[in-house]
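Labels for the chains are A, B, C and D, by order of writing; each one numbers its residues from 1.
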Amino acid sequence: MDAPIRTYKHMIPLEEQAPERLVRRSKLISLDEAGSIIASKTSVSLAGSHSADAAMALIRAAIRAGAKNMTMIPPVTTSIAADLPIAAGMLKKLYLSYVGFEYLGLAPAFRKAAAEGTLDIVEADEPFIILGTQAAAGGRPFAPVQYLYEGLSIPELNPELKKVVDPFSGREVYAIPPLKSEVFIMHAQVADEYGNAQSWGGTGQERDKAKAADLVIIQADEIVGPEVITKDPTKTTIPGLWVDHVVHVPYGAHPTFSSNNYAVDEAHLKLYLQMMRDGAGDEYIATYVKEPEDHMDYLDRVGGLRQMSKLRRMLTNT
Amino acid sequence: MDAPIRTYKHMIPLEEQAPERLVRRSKLISLDEAGSIIASKTSVSLAGSHSADAAMALIRAAIRAGAKNMTMIPPVTTSIAADLPIAAGMLKKLYLSYVGFEYLGLAPAFRKAAAEGTLDIVEADEPFIILGTQAAAGGRPFAPVQYLYEGLSIPELNPELKKVVDPFSGREVYAIPPLKSEVFIMHAQVADEYGNAQSWGGTGQERDKAKAADLVIIQADEIVGPEVITKDPTKTTIPGLWVDHVVHVPYGAHPTFSSNNYAVDEAHLKLYLQMMRDGAGDEYIATYVKEPEDHMDYLDRVGGLRQMSKLRRMLTNT
Amino acid sequence: MAEIATPGHDRYSTAEFIAILIARYCGGDRELWGSGGANQLVSLAASRLAQLTVAPNLWLFSGGAGVYNSKFDTLPIGTWDPRAGHGAECKILLSDIVDNGTKGRYEGDRIGRGGSGYGGLQIDKYGNVNMIGIGGPYPKLKVRGPGTVGVLWLGSGPNNLYLEHHNKRTLVEKVDYRSGNGWMDGGDSRARTLDGRDGPQFVWTPICVCDFTEDQHRMRLVSVHPGHTVEEVVANTGFELVIPDNVPTTTPPTEFELHVLRTQVDRGGLLKKRRMTVG
Amino acid sequence: MAEIATPGHDRYSTAEFIAILIARYCGGDRELWGSGGANQLVSLAASRLAQLTVAPNLWLFSGGAGVYNSKFDTLPIGTWDPRAGHGAECKILLSDIVDNGTKGRYEGDRIGRGGSGYGGLQIDKYGNVNMIGIGGPYPKLKVRGPGTVGVLWLGSGPNNLYLEHHNKRTLVEKVDYRSGNGWMDGGDSRARTLDGRDGPQFVWTPICVCDFTEDQHRMRLVSVHPGHTVEEVVANTGFELVIPDNVPTTTPPTEFELHVLRTQVDRGGLLKKRRMTVG
């Protein structure tokens, strides 16, 4: 056979193609690398639920890396995972469903930015975010809904919500636009270095958000070997082939819950709220986001191993 | 307080409302009852994958109960679960994605009905069934898709596929109609009497099909106690509150696989195909569907415990 | 605005009382969908209490964790608290909840609705709810709300409203913005717009219980809690409530009810600490 | 129509050979999406073989069971065979696959496409596929096909075609019905219609390998399997194949390749028994 033909791989026996060592590529990168990648994007989506399972380490890394003027597609309910980025000037635009601290109070940075008009708020809600994400996950043009927005204020306040005529009934219904993001970041309890991840809590928002994103970065409390993952494939909530990068950050969801791993640090959330309300937001960001040399330094600043062990105990104890 | 007010339940203390014994209602019914319920409907949807996890016991019960002229929304790929109902005259209309026996050959009853024009075939496919079911699961008016049906024959052959103008791009895209069913029937490996079910295999079609149906009936190889279900809530693929009735039928998926429980009975599938091709379809239906006194009698006719144990072994052995 | 301090409050908190009222409301044999929303601790406690006493077929949902029928005896701090998942029977996806909501039926109407409660910045006489904000013109809001989340599911069918603060700022003639459809503009406006879906049934507040009139669907006083008066209710409501001739006192919590609540549902005493106000 | 019996077939079966060809094609460091469709046993075996030898980052998908990276050494009877799940790393939903397909990208183009293969009742010179039926007018078909399933995913991006029977009834000038878009009507017709998505790359048949010309995207002969000739290929193809001056013989399977295939992928010898025909 002559040379050009050899360029057809099916003509080359496997043993001739076989590499010296057959090595599966690891997707592990450093927290700082992840932060720079996120900061280089214009839109980010998040998972988690309220003050649980937020990708806080990645968010702090992105702020440290100088993330600015980004659009955020948050989980349908969230607290510090949206409020801190707003305080740090990371966000220009937010799809709003719920941002608040519930029994601890309202979200200070969010309310300040809203009052000062420094944040572009898209008046959204649970179905807008979930169905919009679902449409983007499948590259579908929009998500039609009926008997939902009729009579509500959102159609007047949210210009991204349009109308379309249902070709089957002839009735006018509403159309939610696809919500894609350039990067999706999430917290998982365990992941392997190939991207297979187990999120033990949450509400499954992460699956469609991963499919709706150009790039997926996972932070995991623990990196485990393949034998842990293959023990039960149904436990893998995010298949590795959906994932670009994995970052190892023990207690990376702090100060929020990591489902079945450690509890929310309520005292730290109260400290955050107090400092934000007292106009000491920059000091908080300096102390807990910008100055820490690395994630372990951050953990030391919030109480170190003693505090982390207490948070683990709080969860497993009930 | 005067009497009428007492009709407000919030005025009546719990101890006065409390029943003698606080009993949670069981959803268990007999296979014959289930068959009659299915036979009383006009449309049925199925889950499973090819010759795996088909709700065969319920299908045989429905035929026995005289099910006729029904519309079937099958799993995207299936074999005897669609071919047998066609042979028995249970179906008037079929949403077609794939009906065949793969390496064992084509589907005899399906091909015969197609040739004789006795079956109304809707030319569908994987996305038509999955996205149509998804729309029905949410009571949404339709599912828009683009860059999918352009250039294909299905838009010409399937009048249920329409066009709609995407209000965001102004482009014309296709609209898949919602595919609801009056009853959804499925096979599960285990279920509790309250309807919480674990399907160990399959491709997750059962979740949206359950939500898209007015009534849900589950057949389970085993009925387990709550302690098995609560051991790991993430194993419950169908939440009990989606379910109306549960039927206990060991080896109920025979002659198809029950994932991780027992193997397909290839010899029986070959017998089925042979009899159908030899014009002995009525004899097959008499012997294996209509004459058996109950499910156990059916199992005896197909080899009884000896054969079932072999099928279990075949699966766990590999 | 005053912390509620009234006769009986040495014996129970208003939050405990409302939880017990909602639990009573859930009584019966029917399959019910209980609780839901993320921060509805009172409703969550009520559903668990009902399940343990009078509603064996109630499905207790912890929305934030996405699980059904948790077996907790210590109330979690939110339905998103992973501890809300203790002993659960199944876990669903948020998209399943969205499917229920857009379908306007909970599991195909197999299931009634029990202790699901919605609150808001503002609620008007037809039970419409506002979580967006107060004042305007939008987006220049005097008070920026936290967002609508799932309050629009009020439109999906017959739910209930729940208020932790009973005052004229919250109970207004007309909401500034509408995040959730109550009976809309009254009469048959809701039935015409939302495919005949039923509207809100009851309103639980720190000082009274209300429902809605049969035809106009205007909010109507049903009973006033012990230690409070019709006059107090009227004085703290920003619109004209329908007041029947006979307004009884809400049946107070019994020892049995408080005992079960405190020993099998809220061992941590979260509801004791819950802050509710009037005025 | 003759069972293939040619020199070398005492040493290997055509199915084994095609599996090895597809495995070679998958060689490289890139993340690949391998196999997929329900009854693509040859493609499944090829993907597993490639993963074990030359494609460490290939994601082996068993479509019917919905699992990735099974560790089987005995080929299951179908990708829906629960045994295909042995040692898998994750399980996905069919709706995830539909999302990939409608998005027209496999995991956002992170992932290339390896041993995914589509066959059909008919395939034409532009690689369009028909699974609906032969003859007409519809629905009066001479041959009723089993249905389209996921053949339309051919339109989602650059895939490959795979044929178990090479004859004029299957390889036709123009398909009677189009279930899957190949290069459509050739030229830039596909790019214009499907948002620039790339079309089929290679065609694996029992007697040869084809690809498509760069401009017109017409099917072109690349290599002919040992024991077969260009003339035989032409005689059994229902349209005019593009024939280059130099058509080499497909490199036959090596002992190493057959050894790994038979000891680590297909211990049950399913591919040995697989029936393939020419003419």
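As a convention for this text, a contact is a pair of C-beta atoms (placed from the backbone, for glycine too) under 8 Å apart; a residue touches a chain by one contact, two chains touch by 3 or more.
On a predicted model such as this, the values are computed, not experimentally measured, just so you know.
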| item | value |
| --- | --- |
| Least hop count linking chain A to chain D through chains in contact | 1 |
| Per Cα centroids, the chain farthest from chain C | D |
| Intercentroid distance (Cα basis), chain D paired with chain C, Å | 58 |
| Cα-centroid distance, chain A relative to chain B, in whole angstrom | 36 |
| Whole-Å separation of chain centres (CA-atom averages), chain B against chain D | 31 |
| Residues of chain D touching at least two other chains | 85, 92, 98, 102, 104 |
| Sites on chain B at which at least two other chains make contact | 139-140, 145-147, 207-208, 234 |
| Chain-level touch network, classified as line, ring, star, complete or other | other |
| Chain pairs in mutual contact under the definition given at the outset | A-B, A-C, A-D, B-C, B-D |
| Touch list for chain C against partner chain B, complex | 20-25, 27-29, 31, 33, 49-50, 52-54, 56-57, 59, 67-68, 71, 85, 87-92, 96, 98-100, 102-105, 107-108, 110-111, 202, 209, 222-223, 246, 248-251, 254, 256-257, 260 |
| In the complex, chain D residues that touch chain B | 38-39, 41, 63-66, 74, 77-78, 80-83, 85-86, 92-95, 97-98, 101-102, 104, 132, 138-141, 144, 146-153, 155, 177-181, 184, 189-190, 193-195, 197 |
| Of chain B, residues touching chain D in the complex | 49-52, 76-77, 96-100, 102-103, 106-107, 110-111, 114-115, 117, 121, 123-127, 130-131, 134, 145-154, 157, 200-205, 207-208, 257, 259-260, 264, 315, 318 |
| Residues of chain B defined as touching chain A within the complex | 139-147, 162-169, 171, 173, 175, 177, 234-235 |
| Residue numbers on chain A that touch chain D, as the complex places them | 1-2, 5, 8-15, 17-19, 22-25, 137-140, 192, 194, 196, 207-208, 211, 213-215, 226, 229-230, 233-234, 236, 238-242, 244 |
